[in-house]
Structures are given as structure tokens and as C-alpha cells.
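Handing you a structure now.
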Amino acid sequence: MRQLPAQPFRSHPFDDDKLKEECGVFGVIGVADAANFVALGMHALQHRGQEAGGIVAHDPVEGFNSARRFGYVRDNFTKASLMETLPGPIGIGHVRYSTAGSKGNTAIRDVQPFFGEFSMGGCAIAHNGNITNAAALRRELIERGSIFQSSSDSECIIHLMARSIQKNIPERMKDALRRVEGAFSVVAMTRTKLIGVRDPLGVRPLVLGRVGEGWALSSETCGLDIIGAEFIREIDPGEMVVIDAKGIESFRPFEQRKSRFCIFEHVYFSRPDSILGGRSVYETRRQIGVELAKEAPVEADLVCPVPDSGTPAAIGYSQESGIPYAMGIIRNQYMGRTFIEPTEQIRNMGVRLKLNVNRGLIKGKRIILVDDSVVRGTTSMKIKEMILDAGAAEVHFRIASPPTAWPCFYGVDTPEKEKLLASTMTEDEMRDFIGVDSLKFISLDGLYRAAGEAKGRDNASPQYCDACFSGDYPVAPSDQLEKGFQLKAAE
Amino acid sequence: MRQLPAQPFRSHPFDDDKLKEECGVFGVIGVADAANFVALGMHALQHRGQEAGGIVAHDPVEGFNSARRFGYVRDNFTKASLMETLPGPIGIGHVRYSTAGSKGNTAIRDVQPFFGEFSMGGCAIAHNGNITNAAALRRELIERGSIFQSSSDSECIIHLMARSIQKNIPERMKDALRRVEGAFSVVAMTRTKLIGVRDPLGVRPLVLGRVGEGWALSSETCGLDIIGAEFIREIDPGEMVVIDAKGIESFRPFEQRKSRFCIFEHVYFSRPDSILGGRSVYETRRQIGVELAKEAPVEADLVCPVPDSGTPAAIGYSQESGIPYAMGIIRNQYMGRTFIEPTEQIRNMGVRLKLNVNRGLIKGKRIILVDDSVVRGTTSMKIKEMILDAGAAEVHFRIASPPTAWPCFYGVDTPEKEKLLASTMTEDEMRDFIGVDSLKFISLDGLYRAAGEAKGRDNASPQYCDACFSGDYPVAPSDQLEKGFQLKAAE
Amino acid sequence: MRQLPAQPFRSHPFDDDKLKEECGVFGVIGVADAANFVALGMHALQHRGQEAGGIVAHDPVEGFNSARRFGYVRDNFTKASLMETLPGPIGIGHVRYSTAGSKGNTAIRDVQPFFGEFSMGGCAIAHNGNITNAAALRRELIERGSIFQSSSDSECIIHLMARSIQKNIPERMKDALRRVEGAFSVVAMTRTKLIGVRDPLGVRPLVLGRVGEGWALSSETCGLDIIGAEFIREIDPGEMVVIDAKGIESFRPFEQRKSRFCIFEHVYFSRPDSILGGRSVYETRRQIGVELAKEAPVEADLVCPVPDSGTPAAIGYSQESGIPYAMGIIRNQYMGRTFIEPTEQIRNMGVRLKLNVNRGLIKGKRIILVDDSVVRGTTSMKIKEMILDAGAAEVHFRIASPPTAWPCFYGVDTPEKEKLLASTMTEDEMRDFIGVDSLKFISLDGLYRAAGEAKGRDNASPQYCDACFSGDYPVAPSDQLEKGFQLKAAE
Amino acid sequence: MRQLPAQPFRSHPFDDDKLKEECGVFGVIGVADAANFVALGMHALQHRGQEAGGIVAHDPVEGFNSARRFGYVRDNFTKASLMETLPGPIGIGHVRYSTAGSKGNTAIRDVQPFFGEFSMGGCAIAHNGNITNAAALRRELIERGSIFQSSSDSECIIHLMARSIQKNIPERMKDALRRVEGAFSVVAMTRTKLIGVRDPLGVRPLVLGRVGEGWALSSETCGLDIIGAEFIREIDPGEMVVIDAKGIESFRPFEQRKSRFCIFEHVYFSRPDSILGGRSVYETRRQIGVELAKEAPVEADLVCPVPDSGTPAAIGYSQESGIPYAMGIIRNQYMGRTFIEPTEQIRNMGVRLKLNVNRGLIKGKRIILVDDSVVRGTTSMKIKEMILDAGAAEVHFRIASPPTAWPCFYGVDTPEKEKLLASTMTEDEMRDFIGVDSLKFISLDGLYRAAGEAKGRDNASPQYCDACFSGDYPVAPSDQLEKGFQLKAAE
């Protein structure tokens, strides 16, 4: 059943031309007023989901309490009047962009964490990733009498748990997650426990931190930094940790597999100040720029980032090439999510609401623009026009990722395959389509090198999930296949 | 899990001293933009529940849509922007005061209609009444893997339906309602059908009307009047009607029992312009005043109603006694639900915010005050004080119902037994407690006579449910008995 | 300059067919947290203006503070968060319907009290009435360099005060009010004084009360009742009272004239529980019904009020005629200001949103309907239709005021003369237009008798302002005359 | 009179440690729906004032209309429902931080534009700057009968205009502005004209642009860019332009003086993509970094900006010194104005809400931090702590402006002199206070060189206003002197 959001969310002028992470998860146990920490963690993870957020907390006296809100964490989960309704020493939170089920039309009931009251007590879960067999599981559960409250794939997990015959919640969660395919980093809580799990491939990140006498779980390390937690380690692919007053227990409920962490987390999704797989994300991105400058040099006067995500790679490109780095495009820092343009005339000014070219700098110069990715190509065209309007002599695009030619089914919001520019054009065709003097993407091997794999991609057994670039899906997207999605033909 | 309401709802100064109906239900099929009609019907039934309301509508193209809001119907379900999200020719609605589960702390998720997606399609239900074995059913359903979303007793019905093995929704509803004990008038809908059911005793009202080419179901006839529908008939106790494009089918899914309609609907709950059991509610109330004047005459100068519910009985008392009727107490028509008094000093003025004595009229007079009921007695004391402050010579209370000595478990919000004044005091003790010159309640037989039973109550087989006066509960309140409630000892 | 209201205010279905009082004023001095008392007084005076309200308070430490809000007092001036911003022992308040300047489109800047900072300190004023030479004064003041902030006639007073050369505020107010023509009951405050003034004719009411150690001024006595103040006396026509810590001083700043209190205050504007000119308003209205029954008897089965304003006169008519009084029309108590009907189809149901006929009672009966006035006649027609639809055998209208044939220029919102039914039709023509079996208005003499003038109207020197009935304007409406308004030709 | 803001505005964690521009002004004439353009211009100027904004527009049929709102332009002046209330081809707008009168407690009535209805028609004005003799003017105007509606210094202008005896509005504005001392860039409008004025020293910027057939005035060129207007020229110091359908007229109403543009506009206030005095602001800032590297070199591993305002100077420092540029501190892009921390514990995390150190990068490195200014020094200390916590080996601060030792009285919100760190400490003392390895400010001459004055500051006749650094106030701050402010002793 549809339920309209309380307020409409128009996207950024460029939002339809970026891949979007769908979720961030956070949990904490063993601290006073856990929900405050959860809110801070969610604020640090806001880049992983801006549409809505939710918190569940548990207090021995007040029981489970929850709040779900559309909009930014800072606008909702900062008010004392709301936070006071979420007492207790355990809490989990979730920020989301949108779900598989109802894109662009999220109901508040689709906002996680999801909660179930079982005979042995309540359980709340927050899920980052995407369950690739959710449609089949949902059909089966409805047939057996479960009532779904949302259109989210993640709700399957809590219904599977409700129907498990195990006598405690961690065991029920193992039961449930063994039925689930796809990508999942899950943070869950009971009245006394905080639980974290990553799928066997470890597609989405999840890290463990120590905060005072308590513990925190976060999608990224930046969520630990904001609460002053010490980063202990990543949760391993296929690991479940159960934390309570007695400490941490670790389980391996799934069959062992080689990990396939999402390489796009390095390119774009994660925050530059996070540490993934022992590497600074910022440094990986700067190194991508270095690799790009080696792979695709060009004579020019200035290297300019497309703000803000192209910045580290532009710095690297400048450092490797010796061409000066400059802020050729200035972002309006007061541009929020919504600028509902009032007239057609104004709407046409779209891109100017967010970015402005630094005219004095650009005029007559040969400009290298460094961007993180090309999805539909529409943004690249608009930026090229702005730069040329300002009098640039040449425009050269350098892209900090390989061509994005395949959709992601593991928790990232991608357009359909046909709408991905790289699925229908070669690099040269894209250059002509966008209308720039040159356009070069980093190679897949170059990206792997920047991410620390000195020998590049191991094609026999790739170190990362790079399906969006390679079409090599490590988990069969079964719901999609049922709907007619065609895998890459064997070569 | 608790979820705080979006806005606090303070009660009227006197709200804690009235019994409160918990719900009103309404449904319509076969009209364009059914939700508009549902909103009007809910507005007419607002006296049955002021805390929140919800509508579900179905459109062949747009599917099921819903909206739930705290506050008055007129403040929410009148906005074109909201109503446009509820298209289609079938809709049901519900207004509620609060549920058994979470009194005074309703979460939006407790607001009906409830919805379930079954394998054969969606179903929404709205329930007026109370399920007396809800706690036991809930335990059983959770044990078997159902996840409850609300604290409402009514949610059991939709889960029982989800687990039924019947192949169509009306049959699943029969299955479910046969497991349910207590009072229920249910309005439900599928993609093509509108369904109405009353429990075998017919405790709560439900009527059928014809609106253009379509049909309407409403708790009371005033809900039909507002949409210009013709009142066809009451749904019988124990009857289920299933209405679709082909017409109305009637079923009798329950074992036949003698009906026991709630007599308090006549005294207070229903609107005076409704017709119950073929009788004008206004006329019954006026007749109560006539009976009271016969049973409990007193010499006085003026008969004044306690506004607004005492008015018809006061008119009847005046007409029978010949003592002039007068508006001795004036109600502030701008007094809404909420007047959050800012200081202690002001809070003590509580009653003046709502009522003012017509001083010029009252001074030096012997006043008969006619009120509908005495629950805790606190209101009666405050009104007595106001009247005496204004210089009345004598104050005589006449009450249009027998002493309320027992709680209701069939969908009315009553204080615990110990807090009911009549459960601990005789009529004379109450008179002294309230501090008036005389205090008389109508007799139970007098009330039955006013309600059209010329011979009064048939004690062997009472014509109405009058448990709140008599302690004679027609359905065993099993959840309450389990919690320790003591039935009246056999005499 | 126009400024749109923060929220739109749709009128009641019948609001366009009633005369509307434009303002109520209230002030208090010498109590802790005066603003709380002011809010209560404004709540009691809400019937005199529902569109907006404002409070100014002064505290020795915090200085002057103000708040202005659209909507009901109870929804705004009850929140502790707002009231805490209005500390101090002196405060005044104002409720308004709309001003002469910007009907239906009130800006928050038109909401009183108005405030001016003079060299000897600040002053706030609240005005009930209408200044008939406001346009001329405004022109003159602008010419001399005053900047108006509102479109309100009342703002002239504060500018005239700002330009006075008197050295204290009460003297400046005398200066200003001597320049002003029309009707005014003004409540004003300085840092230490509360001031009340009535125009020489005393067209609008203003009363003085004692509350604890302090004093209150209120448009009506019901404003005193709600705060528990003792009614001391009316402010005399042409009197100014200045109240401070030392007590009350009384001045007579104007040339003495015979008073002409607005008789429509008795008929409709004031609350029935107020006392005007030593008489209970309720009792005057009941007496109007008695006079009507004598002047215009008719055989019938029931006397029914048009709720709620026709009720006292209907009671009087029933008592004089011996025909039983009955609630033939029931008002929906949850009908607020706004019911924005979503579709054309629903909009046509307009009147049913507010009123419902008590069908069981009306069918086959001859009904006398008692209403307070006929303005455009549109309401009367709708009500007649409802009554006939319900099966009434005959419908007889009895109106508790003479025909309203002239607009009011003294602070009441009336349609233009041509839109007043009585300005273009005789009583018989109105009867045929409305389509009822009979229609009778009370005579002007009958109204005066009910208001305590045993000999009726003294045509040589009328006791009341009755310009809306008689066209006899006690103060020349000079702005209107300039705009072309034609006075009644001398007879 | 105080009026509390509709919503509280908490400052950024660092807002109390930055100088804040107080206003931006924008106007447009000769375009359809001018208010849309004004809103866009205000959005581009949002960095000049984030607390509130207002627009006045004029339409030949609808007259003058206005809207004033707290909060960001994008959250208010983008809604069609609001913008439709502001029709017409002329409009002006204003964004503000706060006024001299009521810092941190702005009432909506303090929000510009201010409006006055004169006998020859209405006039609205928007003012950037500060009137240094406002208090004296205000006293005089009140004495003569003017009523002030705000606590803003800017309101004096409209009252002076109201009292002018000139017969047209531009002449009245000349009259008024000749009475005014201090800094002012004013944009004003009548029914047919758009007017722009700069004070004789030209302290605040104001530029003219051509948009289609119409014209625009804007505080900075970035306001022209966003609406696609062509930058024509700056309004000269001491110039008034009057634009209507016939074109532009230029006047010089003031005695000629040498210009003294605010040099801090180059350092911090203006946007990097604006062009001031023919120079790219970004380029000037980068050049400041170059000068700093020459004046204050140091051996280190990385040059990191304090985001975002230190970025261009850090790039320049890196380029001149050859030390690599790096993003050592990451700003949370979802940090808005408000993060009302719920508990003491969380509040102490203040700085982490906005910034996070890029730990992987910083550890073990010698870091040069480039910031735009040091006001109180509190921010610098917090940032130093974060950097050291992350394991930096050395921390060297380089500041892109000279020590800020004097308050600004020309439209910038500065702390009192005693709270400016540089007014009480030498550079070395500040280094020790902040606790860093070295701390160097650019010299005043170095700053002038970076701003294009090859020979540095002309001490005999300085090219800029640099009072905040030098104590050399080009206009006597007369209201401040009256309150006891001590000018710098002659050397």
C-alpha cells in the first residue's frame, strides 16, 4: 500500500546523474543516552542516505521506543523534545536514500529500523545493502500469513526471524540470514544485545569501535570519529558479532567465501576521511588521480575538480602531472536538497543554483576537469557548457572510475542499464556526445592499483565487487533475472 | 513498541469525567472519489473519536492508498492535496479516541484502518468495539510468527485473516471473526468489495445507506445524512454484508443469539439526530427527562441543562414538570481540545475556560441541573460550585442515566471500577459528596421505558447491554478476568 | 502594502450571511503574569473576532514584548513557550475579525495591539470600533511624514499620539482621540499604566473589573468572569480611565453627548452570559422571543432555534406561545472554521457539514424557526430546504431583529447596502424569496421594549444606535460619504 | 519592542569565531516575475546573511507585495505558493545576519526591505552596511513623531525620506542619505524605478548587470551570474543610479571623497567566484597564500586548508612553497545551521559535528594549516587539538589576514574589542595561547600586494578600509564614541 511522504523530496540538479548509496547503519551499546550517539553516527553517515532516518532505543524501564523522520538527521534527531523519547543504553539507527520497492515515493513505514515483537522479546534491525531474492521470500512469507508493513526488501529479515523456531534472537537471525541472498550489513538490537552481521562477500562495510565502556557499530569509521570512539576493526565478511554487558562474541554462520568488497565505496560512496580495508579513502582517491595522470596525460593550464567528489583525484592528477590545481567551479554551500523552481524560466537556470564557474580564472585557459564518474552524461554536458561559456580554450574530462555500464543490485540506486551512457557508447562516442576535447576513464586495473592491488585486478578471482564496471555479478540477482534482466554473455 | 504521538492531546477539563466512545467506522462503494464521502462521514462521526482518523481507498490504477492523521477530520481530510492521494470508488475510514493498548499515548501506527496484503490481494479493516480475548489471541499469533505493528486489539483480526486458509477475503474474515470475542462493528474493503459485520450481540451500531448508485456503511445514521445518503436499514446483530458491483449479499456467520445493543448509545454516545433501533436519539433523551420528572420531581424555578449533552433531557424534564427551561450555563464555543494552561494560577481556573454561568439568570433561583451521567463526580462538584458562586438558592441534580458502577469492556473508555463514584457510594452519599440539595438518577427501568421498552427491563433476558449500570456482562471479559477483574457476585 | 496571511481562513458556510463584530479588547494591570489573564480574557471574547489576536505585555526588566498570531486564542496564546516571552504585570490584548482596510486578506501587521515608541516611553493600543474619518486622517499624517505599517484605521490613533506635543501619554491620547470620529472603545498601556476609553456615544461596550489587587478592562463582562474578576462598572460613554499602582483616575476628555449604545450587541454580537447596561443579554434575547410571539403568533407544533444564536429567542417564543420548544436542527460541534471541500460534488453539501435536521422530530410537523437576523437571506433559504427535505408540513420564520437594511460603519463587518436583502425587499417579498409559509421580523419598538425601554424607541432622541435597521447614523460616516455613500433621505 | 524570532537560530560551532557580513542586497527591473530573479540573487548572496530574508515586488495591478522569512532563501523563496504572491516586473531583496539593534534576537519586523507609503507612492529599501549615526537620528525622528517598527539602523533612512519635502522619491532619498553617516550600499524601488546607491567611500560592494531587457543590482557579481545577467560595471562610490523604462540615470549626490573599499571583502566576506574591483576574489586569496609563503615559510610535509574559507590561500601557499596541498580536514557537508545538541556530553563533541580530521593522512606529518583569520582564537585551538589527536608531528598556522584587533562599525558583526585575541596579544603570545609550533599572519602590506597594490598600503591615503586591522576608521563611529568607544591614540 502506498503512503505518500510527509514532504516531497526533489533531487539535486545533478542527483539523477550520480549513483547513490542507499543506506547507512549505526548502533551503540553500553553508553548513557545511546540515541544521542546514534544520532551523531547517523549524521556522520548522512552521505549514505539523505531521504529519511530512524532510531530505535531500549531502556529497561521505558522499553523499546522509536522515531522515524523524513529529512536530515540534523533537522530531526537533534531536538531534545524528540531525543528524550528515546532513552536507554542501547540504540540503533538507519539513514536511507530509498528502497527497491518504492523509489522516490518513500512512505514513513518504509523507514528503518524495522521492529518485531517476538515471544522472547523485541528486536529491531537496520540493513544496508540489498536482498537479491527478496521478491521470492516475500511471496512465500505472505502465502504463509505474514503481513508486510513496508515495500522494503529488508522487512523479509524480520519476518523470517519471527517464524524461526529458535529460542533466542541471535539464533533466529542466523536462521533468517541464511535464507537471504545478496548484500547485507545488518545492525540489530534486542533488549540487552547489539548485533552486527556482514554477508559472506562483505559487499558493504561495517566497522566496530570502542566508546568509553561501550561499543559501537558503524557503516564507516567516520561514524566512530564523530562520537570519539576508537576504531577497533572491521567486521569480517560473513561474521556476526553479538555484544552485551559480558562482551563480544563472534560467529561465522555462513559458508566461507572469498570477500568481494564494493570498489565503488572507494571511488565515491564512502567519505574521504573514512578508512576502508586499512586504507584512507582520500588517499585512494588521490592515487586514482595519480594513475589517471599516468594513463591519460594531456597538456593543459589548470586541473579543476568537479566539486566536491572529484577533488582528491584532481589533487592527485595535478601532483603527478605538475599542472596547477585550481578551484575553477565553485559550489554554492547553501544549496540544499530542495530548490523548487517557481517558473519555467527559472528552472532552466538549474545548474547555476548549485555551481558557478570562476570566470576570472577560466577565461582563455585549457582546463582538465576531474570527476568521479559518468552515469548518464547529462551533468558532464552541463558543466562543459558552463566552462565554455566562461571562455575556456579547451576542456578535457578525466574520470576517476571506469565506465559505469552495469546496474548495481547490491544496495546502490542505479539507472536501468539502457540509461547508463557507457552501456551504449564507446569512450570516443561519449567524448563526442558530451562534446569535449578529450575524455578518458581510468582503467579497471588502474583503479585496482590505486586501491592497493599492485598487480591490478585478478580476473580469475577478483578482489572486489566491480559489477557496475565489469558486469561480473558475484551473487546472482535472482529477482532481477526473474524480471528479465540479462547477464553478460560469457566471453 | 511505543511511538509518541506527533502532538500531545490534552483532554477537555471534563473529559476525564465522561465515558468516551472509542471509535466510529464508515465505508462507501460505487461513488466517484469515495474518500471524500468517507471524510464527510467521519466528520459526522467525530463525536465517536477525536484523537485520530484514517482512510484507506482503492483505485483500479493507483491501487490501495492510505492516510492516517492525529486530530480532527476537518483539519486533515479536507485538504485537496491530501485527498488527491486517495483516489478511487471504494474507501473506508475510522475515527478513534484511543485503544485498549496505549491509552493517552497513541502512536500513528495504532490509527486504523489496518491493512494486510494477502496472496489474493489487499484488505483494510476498521473496527468499532473491543475484543475481549485480544491478549490471548495476540500471544498465540506472535508465537506462530506474526509481527504486530500496533498495540491495538483490532490488529488481531487482520492477522487471523492472514493465516486463514480460505481462498477469498470474506471467507477469511468469517474465519477470523469466529475466533474473536467481544463487541465489534467492522467495516472492511478489498479491491472490489465493501464489507460490514456486527457481532452476534450487536453491541455497537452499524447502518446501511444508499448514496446515488453506491452504498454506504456508517456507525450512525448521521453519517448517512451528511453525504445525502438514504438510510436503508441497520446491519443486523450477527450479520455480514458483502457489497460489490453486483449488489449486496448477506451472511450469518455466527451462532444466533439474542441482541444486546448498548443502551449508553441512547443516553450519551450517539448523536441526538441519529436514529437507533428505529427511534430518534433526541426523542429518547427527551423522554428520559420526562421519566426523570415523574420519578424525581422537585420544586424549583428553572431547569437548566449541563451543556451540551444534558439538553434534551432538560427539555423533557421542563415539559413534564412545567418548570421553565433556561440556559443557565453557557458553553464557550471556541473551547477546543487543547488549552494548555500556562501557570498554576490559571490552571485552577480550568472550568471557566469551557463554561460560564449566566449570572443574571441564576441569582436567587432554585435550579434543577440535568446532566447525562456521573462518572467520577468531579465535574458535578465544579458545576455546583459555579452555580452557587453565582448566587443560586438551591441546586438539584437530575441524572439522565442510572448510577455508572461498572466499567465497560466493549469499546468504551471507562475508569477502573474503584474510580467510578457509584461503585463506592449510595445515591445519598453521592449527594452529600457532591454537596447539592438533592441528587437523583433515573432508574434502570425508567431508562428502558424511555428507550421504548414499555415494561422496563426484562431481567430474565435483558433487551440491552447495560453492564456499566448492572454489572451484567453479556460476553465474559476474558482478558480482564485473567488480569484479576472480579465479576459481580451472583445474587 | 499587502502581506498575505500565514494561513488562509475560509469562512463558515454561513459566515457570509451574518453581521460580524470586528474586535474585542482586554487589558489587565497589577497581577503576576498579566499576559495569561489577557489570553483568558481574549478567549472569552473570541466571538468578537476569530481571525487573529495579539498581546503586548510590559515587564520592568524585560520591557515591552508582543506576539501576534492568526487563528484562535486557544491555539496560540496557551503555549507556555509563547507565554513565557510575555512577562510582566501589565498587558493588553485584541481579537479581530478583519479591518476596514484589507478585508479577507489580513496581514499579520494589521493585527493589534499597535505599538509606538515615544520619547517618554512606549505605548500599545487596542481598538474596538471603527474610525469614520480614518482615510482623511491617514492622508494628512502621511503628508506630514508618518509611515503607516498597516491598513488598519486604528493605526491613526498611535500616529496622532506620536505627533502630539503633550508630555505624557494619557494627554497625548486625549489629543489624538479628539481628532478621531466614529466608534471606539480603546484599551491602551504604557510602562506603568492601563488606560480605557469609550467614544462619546459609547457605541461599543467596555467594562471595568477588579481581579485580586489588580484591575481589568474588557469588552464584555464574560471576559471578567473567566479570570474570576469582579464586575465593577461599565466605562461611561466619553470617559477615559487611567489605572496605575495608585489607583484609578477618571477623565471626560470629550464634549458631553447622549449615549447611543449599539442595539445589535444585545441582539447578536455579545455573549448571552454578558451583562450590558445592567441587563442579562440572555434575558433580553429571551424577551425578544416573548415580544415576537406577541407580535407575530402562528399555529404550529414546534418552536426550533436556528443554532446557536436563535436559541434564547426561541425559548422565549415557546414560553409565550405555549408551543413546545425542540432542537429541530443539530449543530456539528466539531465544525471549525475551515472545511475546505475537495470536490464540487462535496462542496454542494456545504450546509450539511455544519447542521443536520433532526429528521425523526420534524417529519409532518409545522415548524417555527427562530433566527437572530436575516442579512442576505441565503442561509434562511438553505435551512428552509433542509427542514422541508426532512418532511416538515409548514415552515414559519421568526426573526429576533428588525430588517437589516443599512450597513454599519462603527466596527461591524456588513455587506454593501445593495446586498442586504431588506434594503431591496419588503417583508412579504422576503417571505416569497425565501419560500416559507410566513416570515416576520420583530418591530423596532418591540426590540427596544425587549431591551428594557418600556415605551419603545424615542424617535426624537433614540436610546440606542440602530443605524443598521433605521439608517439613522449618529456620527456622519465621512470617509464613506466621500466615497459616494448616500444617507437616508430626510422623511 | 522585542519580538522573538519564530524559530531559534543556533550558530555554527565556529560561528562565534568568524567575522560575519551582515547583509546582501539585490534588485531587478524590467523582467517578468522579478521576484523569482530576486530570490535567485539572494540565494547566490546567502553567504552575506543567513538569518532571514525579505522580498518586495511591485505589480501595476497588484501593487506592492512583500514577504519576510527567517531561514535560508532556498527554504522559503522557492515555493510557488509564496512566489505567486509577489508578482510584477520590479523587485528587491535582502538577506541579513542581524542588526546592530537586536543581535541574536531578530524579530521578523527587523527583516528588510523596509517599506514606506509616501504621498507620491510607496518605496521599499534594502541596506547593506551600517549607519554610524543611527542612534542620534533615531532619537531626533522619534522626538518629531516618527514611529519606528524595528530596531534596525536602516529604518532611519525610510523615515528621513518620509519627512523630506522633496516631491519625488529619488530626491527624497538623496535628502535622507545626506543625513546618514557610515557605510551603505542601498537598493531601493518605487512603483516604476529601481535605485542603487553607494556611500561616498564605497565601503560595501554593489554591481550593475544587464538581464535580457532589464537590469539588476547585486552586492556581488555572483548574484548576476546565477540569473544569467551580464556584469556591466560596479556602482561607483558616492554614485546613485535610477533605473526605469527609459534607462539608467546616474547622480553624484554626495561630496566627492577618495574610495575606501573594505579589504576584508577580499579576504573572507565575498564569494571566491565574485569579481571585486576588477579582480577575481579567488585569485586574490590564492595570491595571499603566495605572499604568506614568501613572508612566513616553514618546513613541513603538507599544506592543509581550514575548510572552506582557507582553501584558496592554502593552494597558493602550496604552489609557492612546493609543499603538497592536501585535504587534512574534511567538512561534513550536511552540517546545517542548527544542531541543537541534546546533552552536555554530546555538546562537548561540538567541533566533530562539523569537521573531521583525515587521520590516515595526518599521522606523523608536519602540517601547515591555512586559515582566513583569527578572531577569538577558540576555533584555532579546537582545530589544533583535532590535528594533534590525529597524530600530527607539528602544527603551523598561517593566517590569510593581518591580526584582527579592532571592531568593524560598517556592517560587519565583530566581537567587542576586548574579545579580539589580537587586541590583547602579540603574535608570539597568540602562538603560545593557541599552542602551535608556529603562527604567522600576513602583513598589511602583503595583503595590499595580494589585492593588487604592488607597493602595498599607502599609509598617507590608504586605498582600502582596513580599520579592523589598523584601527584607522575612515568615518567617525559617532554612536559608538558616544557610548565610550576609544579610538586609536594618534601615533
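Per-chain residue numbering starts at 1, and chain names A, B, C and D are given in the order in which the chains are listed.
Methods note: contacts are C-beta pairs under 8 Å (C-beta built on N, C-alpha and C of every residue); 3 or more make two chains touch, one makes a residue touch a chain.
As the structure is a computational prediction, the values presented were derived from the model and not from experiment.
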item	value
Path length in the contact graph (chain A to chain C, fewest steps)	2
Greatest separation from chain A - chain, by CA centre	C
Averaged-CA centre spacing for the pair chain D and chain C, given as whole angstrom	50
Whole-Å gap separating chain B and chain C, where each centre is the average of the chain's CA atoms	37
CA centroid of chain B to CA centroid of chain D, Å	62
Shared-contact residues (touching 2 or more other chains) in chain B	none
Overall pattern in which the protein chains touch one another (line/ring/star/complete/other)	ring
Residues of chain D defined as touching chain A within the complex	32-33, 36-37, 39-40, 43-44, 46-47, 50, 72-75, 78-80, 83-84, 222, 225-228, 271-273, 275, 279-280, 282-283, 286, 308, 311-312, 315, 319, 324-327, 330, 332-336, 338-343, 345-346, 349, 352-353, 356-361
Contacting residues of chain B [partner chain A, same complex]	1-4, 56, 62-67, 85, 115-119, 122, 139, 142-149, 158-159, 162-163
